[in-house]
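Just passing along the structure, written as structure tokens.
In this document, chain identifiers A, B, C and D correspond to the written order of the chains, with residue numbering beginning at 1 in each.
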Amino acid sequence: MELLAFYILGAGAVVTAVMMVIHRNPIVSALNLIFTMFCLAGIFVLLNAHFMAAIQILVYAGAIMVLFIFVIMLLNLRGEDWPPLTWKKLLASFIGILFVGYSLIKIIGIFRGSMLPVATPLPEDFGTTRIVGEKLFTDFLLPFEVTSILLLTAIVGAVMLAKMKIDKG
Amino acid sequence: MEIIAPPIDLTGIMPMIIIAITGILVLIIDLFLKERSKNILIFISLTGVIIAARVSFSQYGGIHYSFHRTFVMDTFSVFFNLIFLLGTALTILISANYIKREEINHGEYYALILFATMGMMLMAGGSDLITIFLGLEIMSISLYILAGFRRTKKESNEAALKYFLLGAFATGFLLYGIAILYGVAGSTNLKDIAASIPGRLFDQKPLLLMGMALLIIGLGFKVASVPFHMWTPDVYEGAPTSITAFMSAGPKAAAFAVFFRIFIDSLGNMEPNWNVIIGIMAVLTMTVGNVLAIAQDNIKRMLAYSSIAHAGYILVALVAANSLGFTSVLFYMLAYTLMNMGAFAIIIILGNKGEEHLNISDYAGLGFKRPLIAFAMSVFMFSMAGIPPMAGFIGKFYIFSAAIKAGYIGLAIIGVINSVISVFYYLRITVIMYMREPVREFNPISLSPLIILALIISVWGTLHLGILPGTIIEFARKSTFAFF
Amino acid sequence: MLNYIWLIPLFPLIGFLINGFFGKRISKNTVGYIACGAVGLSFIVAVLSFISLLQLTPEHRVFEKILYTWIDSGSFRAEVGFQLDPLSAIMILVVSGVGFVIHIYSTGYMHDDEGYPRYFSYLNLFTFSMLLLVLANNFLLMFIGWEGVGLCSYLLIGFWFEKKSASDAGKKAFVVNRIGDFGFILAIMLIFVTFGTIDFTEVFHAASDKSHMGIITTTTFTAITLLLFVGAVGKSAQIPLYTWLPDAMEGPTPVSALIHAATMVTAGVYMVARCNILYMLAPISMTVVAGVGAATAIYAASIGLVQNDIKRVLAYSTVSQLGYMFLACGVGAFTAGIFHLMTHAFFKACLFLGSGSVIHAMGGEQDMRKMGGLRAHMPRTYWTFVIASLAIAGIPPFAGFFSKDEILWKALTQGNILLWGIGALAAFMTAFYMFRLIFMTFWGESRVEEEVAKHLHESPGNMTFPLIILAFLSIIGGFVGIPLIKGWNKIDEFLSPVFGGHGAGEAVHHSVSLELGMMMVSIVIALAGIFLAYRMYIIAPGIPERLTERHQIAYRVILNKYYIDEIYDALIVRPIKNGANFLWKGFDVVVVDGTVNGAAYLVEQWSKVMRVIQSGYVRNYAFSMIIGLVIIFLFFM
Amino acid sequence: MVPLSHYLILSAILFTIGMMGVLIRRNVIIIFMSIELMLNAVNLTFIAFSRFLNNLDGHIFAFMVMTVAAAEAAVGLAIVISVFRNKPTVNVDEMNIMKW
């Protein structure tokens, strides 16, 4: 049952990811990416990461991707045409795929070949908001607080770069 | 179940807090300031930096973990903090006039520099991959923005975009590496990782190697080592000159601090596995940097390649992985900050509004028209070329000695050959300054008391570190006690 | 007085600072006074220190003045300080003395030059660096002086940078020197790592100590000394890094005299002599030093035979004489090498200054074919020039005779017959080209262009006075090292604490008569060289031309008369000339120059090709990162 | 029960797809989305390891990665807009003033 869910969600994630990469229309790509994220959120649930699954949908799919779509709309982007295929490009991509594919197979081999930990029974509250929150405010207090500066930086910077009028004062 | 708040110990992160508060203060005060009174911000920022440096300096000595071992204040991180703060102070000094001239005089400029500095301090003091990662991101995000700060210039836009895309790309690899390392070690704490590695060498070694490879890419990008260096020339060229100066000093040092801390502290057991690959990278980085610098006509671009080459020298010290090597790196980063900042200060001084005069031929005859500036520039160029009695020479001498001591004589020889090659292009600037007729008037130039101060500090530092390096070398050596 | 040896380099430094920063605002005379005064004061202090040193007993004649602790970190400790021992005492006397004389000369020679203050500030900086080099008590400080003299040499060669050839020559000198420095710095690092110190005294002490226990292998010593020698080869213009020296003649002539004849180029010899303890532990290196020295001596001398530029003859001669010094060091006769260094400084400086005087009079003309008969116009220059030439040719009792003979003798007794033969042949050539120079310049018919001839004049007093001093030194300089008579070889005695037993000449097992005989042989060789030059350039100038010209008129008479000359021509002159021309044009220009320039060109071209990879496309950049990743993966897996 | 290697392999595949996206696309926004996909793949690795190690650090890390991704998205899109203002294009191949 769990395995089936994993395969369905995993296949969904991979297919939509591929669609995202190859689709010529940015909006469609963005929607595909959102779908990938939904699938991943489902997989998170399989991994007992309930809090993370929620955040994934709220922050990633909900906030970040909306921002993407907003910018795409703002810039009024159309789909691009794929450049015409030439032999050179075909050869290059063939070699590239060969390389990357080889590496990927290697990596998969490593994952399969390594003695990875097997699932152990988890405490009941593993991955719940409460326990993650507790961890955040105790062991990882410094990183958590520091993110405030990170976000402040990002806000200041984004406003700075994107604001319309370049005022001189 | 009640959550018990852990005791909070702020001493370790005090300098960071000071810098962050200064940054926020700058942002707030900026709102109430008129254009002409923006100089106040310079003094606020400088005060903050100086206080932070003072506090940091007073903390020197010993090892102090805080925040559940996510942050450490040891001699190593304090030394790096001082380097960052020096770089930041010099950047602020050389920026004042420049950002007015280029009409980007916004308070955010200083705030972002300060936040980036905080990020670097977090990187140098992080003893958990999570803090290191967050520090890295604070720094990088600030730099992405600062690189694109001249919004009306296409070069600046392009620099920001290239830097951002490639930087985020590299972050992806870095994170993947961290994730795998976490999976192998079961923790993101550097010491825990170090402790767990010997036990994993049998069953999970390939996984460990894979994580390490990904880390090398992510960090190699930040320190601009070949083949992950390609963003450097473009970004250095396009970014505002003061920011280029900033990027070449502090952030580079911070990336090296992380590189060293992770690879010695956590992955020290894996040294036989990584030293060859880092050694090859060091050779490539030195050679590509120096060779490509020769063909450059734009001085910022030339300095970008030169900074790549310098990264190569420092990687040699990482491969050496001994106390001498670490001493040399600390010393070298300090020297490099001083000489590089000085060189960029001169680039800024010689530019005019709208015309930056970045071509090397624009320096013709500077020796006759402005002998003191030309003298300062020669000091920096000689120092970078490693000619005694400048700081750069002592630094190189120590680095290559460390390599010889560790038995990497080939690396040392390649390094010295490279510094011979580098003389070609550093000397070219001097030759042009002293042995060509001037092609332009060096009047007006953007001299201001602040930038002169920066120049004096850099020249003095470059000469002082070369002629009287004793105290600093001893200071640097003591700072490596955190590791050895 | 010894406590004040730090004053010796300080005065020129002050002179440099004053002239460098205020030179343009003060009058020319003041600039000249400051510059000469600074070096003069150094010389006075040097003499006083020398006297104080003499008052000590020989075994205590090492004085170290520590200025401050440079680096004190962990096991590594280096102190900046000056070291005065017999070796450095001789060097500071030569540097400050000859330097002082040349400074005075320069006030006359450079009088009308626009860059007068710049010139003197460079010259003072040079003197400072050179004194630093010879007084240093450790390798790093020595290296600083080493680089300093290189920098000044570069600045002064390219002094007239408006001339492209001058600035090119400067650049070449700098680059070639950097190649040499590459070896030197590696050697210092190796010393640092091996001994944990860079202090001369400690390193030499440890070396002679540890080698007995076998902790440091001969291989290490060989590596260190060979690397040091690479540095010496670059600075002292030996094969294959000598090409910059002839080009360096683009600089003002007093500079050639001071830097490229008397002092800087001898720094390599000084360094090898200074490290004599290390060299003695590395027999292979000694052989290399001797071999390179001998090869350079003969090679450069043969090129000197066919040069027509008066300064280039002297330049090749300098290279050749430096070869002699290395030959001496290589066979273990360090004293002889230093002795020759000293006498060479006197007579070669005199020769260069004399040629400068000639060039000055000729309005900048350097081609000897356009000179001739100058004897009448500039007697003082002529006579001093003759004295110096006799000295370099090795005619007793002039200075060069004693030092050169010492080297040849040591080459024979401590080296082998081959080294001696090469040295003797080079001595023959030396005598020949020096007198060829004299005859072409001062004797014979005047070939001077009319316009120039009108202005021919003896140089002013501040130029001839130094000539006379140096000529005087060229006469008496050799008397400090008279061989054979016990107690008369002062220099040998004086230097023996530095060179231990091995530097001193103990010719006990060689008979006195053999040494006397060899002395006669070298005198004969020198005279033969002079005689050949005399025949070719005075008795029968332009043999080939006259031969054809008077072919029909008095055929038989002339034939008989000139038969001998033809034989000379065919058997001796032609082969030498052709061979030398081949060496010069073929080997020198194509092979050696070509390698140096070719390497630079290659790097530059590579740079131009490589930059194309930096295409500006983000995708390519990302792609290069991926390639890096895949390569690292493949490496790991 | 799904073994850990399955999760890791899925994450590696997603990461590679993201990487290929960066390499083959010319539209800045899509390149950027590909990078987001790479970060997501990393998050999956973190959470999978976290589950199998019975250790919550991975969750925290993934949480931080999301925060960083949000910050990067804001800044990145701002940069895209500021570029677009001077030169109305999102094609990276046209951003090629500086080279060599």
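Rule of thumb we're sticking to: a residue touches a chain if its C-beta (ideal position, glycine included) is under 8 Å from a C-beta of that chain, and two chains touch if they have at least 3 such contacts.
Because the structure is predicted, anything quoted here is derived from the model rather than measured.
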{"item": "Chain whose Cα mean lies nearest the overall Cα mean", "value": "B"}
{"item": "Rounded Å distance between chain B and chain D, as computed from the means of their C-alpha atoms", "value": "26"}
{"item": "Chain A-chain D separation of Cα centroids, rounded to whole Å", "value": "6"}
{"item": "Between chain A and chain C, centroid-to-centroid distance (C-alpha), Å", "value": "70"}
{"item": "Computed distance of Cα centres, chain B from chain A, in Å", "value": "30"}
{"item": "Touching two or more other chains - residue numbers and ranges from chain D", "value": "8, 18-19, 22-24, 26, 31-32, 53, 57, 60, 64, 68, 71-72, 75, 78-80, 82, 92, 95-100"}
{"item": "Multi-partner residues of chain B (each touching 2 or more other chains)", "value": "130, 134, 137, 141, 144-145, 148, 151-152, 160-162, 165, 169, 183, 206, 210, 233-234, 295"}
{"item": "Chain C: positions in contact with at least two other chains", "value": "611, 614, 616, 618, 622-623, 626, 629, 633, 637"}
{"item": "Chain contact topology (line, ring, star, complete or other)", "value": "complete"}
{"item": "Footprint of chain B on chain D - complex, ascending", "value": "8, 15, 18-19, 22, 28, 31-32, 35, 38-39, 41-42, 45-46, 49, 53, 55, 57-58, 60-61, 64-65, 68, 71-72, 75-76, 78-80, 82-83, 85-87, 92, 95-100"}
{"item": "Touching residues on chain D, where the partner in the complex is chain A", "value": "1-10, 12-14, 16-21, 23-27, 29-30, 32-34, 36-37, 40, 43-44, 47-48, 50-54, 56-57, 59-60, 62-64, 66-75, 77-82, 84, 90-91"}
{"item": "Residue ranges of chain C touching chain D (in the complex, touch as defined)", "value": "611-612, 614-619, 622-623, 626"}
{"item": "Residues on chain D engaged by chain C in the complex (per definition of touch)", "value": "19, 22-24, 26, 31, 92-93, 95-100"}
{"item": "Residues of chain C that touch chain B when the two form their complex", "value": "21, 68-74, 140, 143-144, 147-148, 151, 155, 158, 161, 167, 170-171, 174-175, 178-179, 181-182, 185-186, 188-190, 192-193, 600, 603-604, 606-608, 610-611, 614, 616, 618, 620-622, 624-625, 627-629, 632-633, 635-637"}
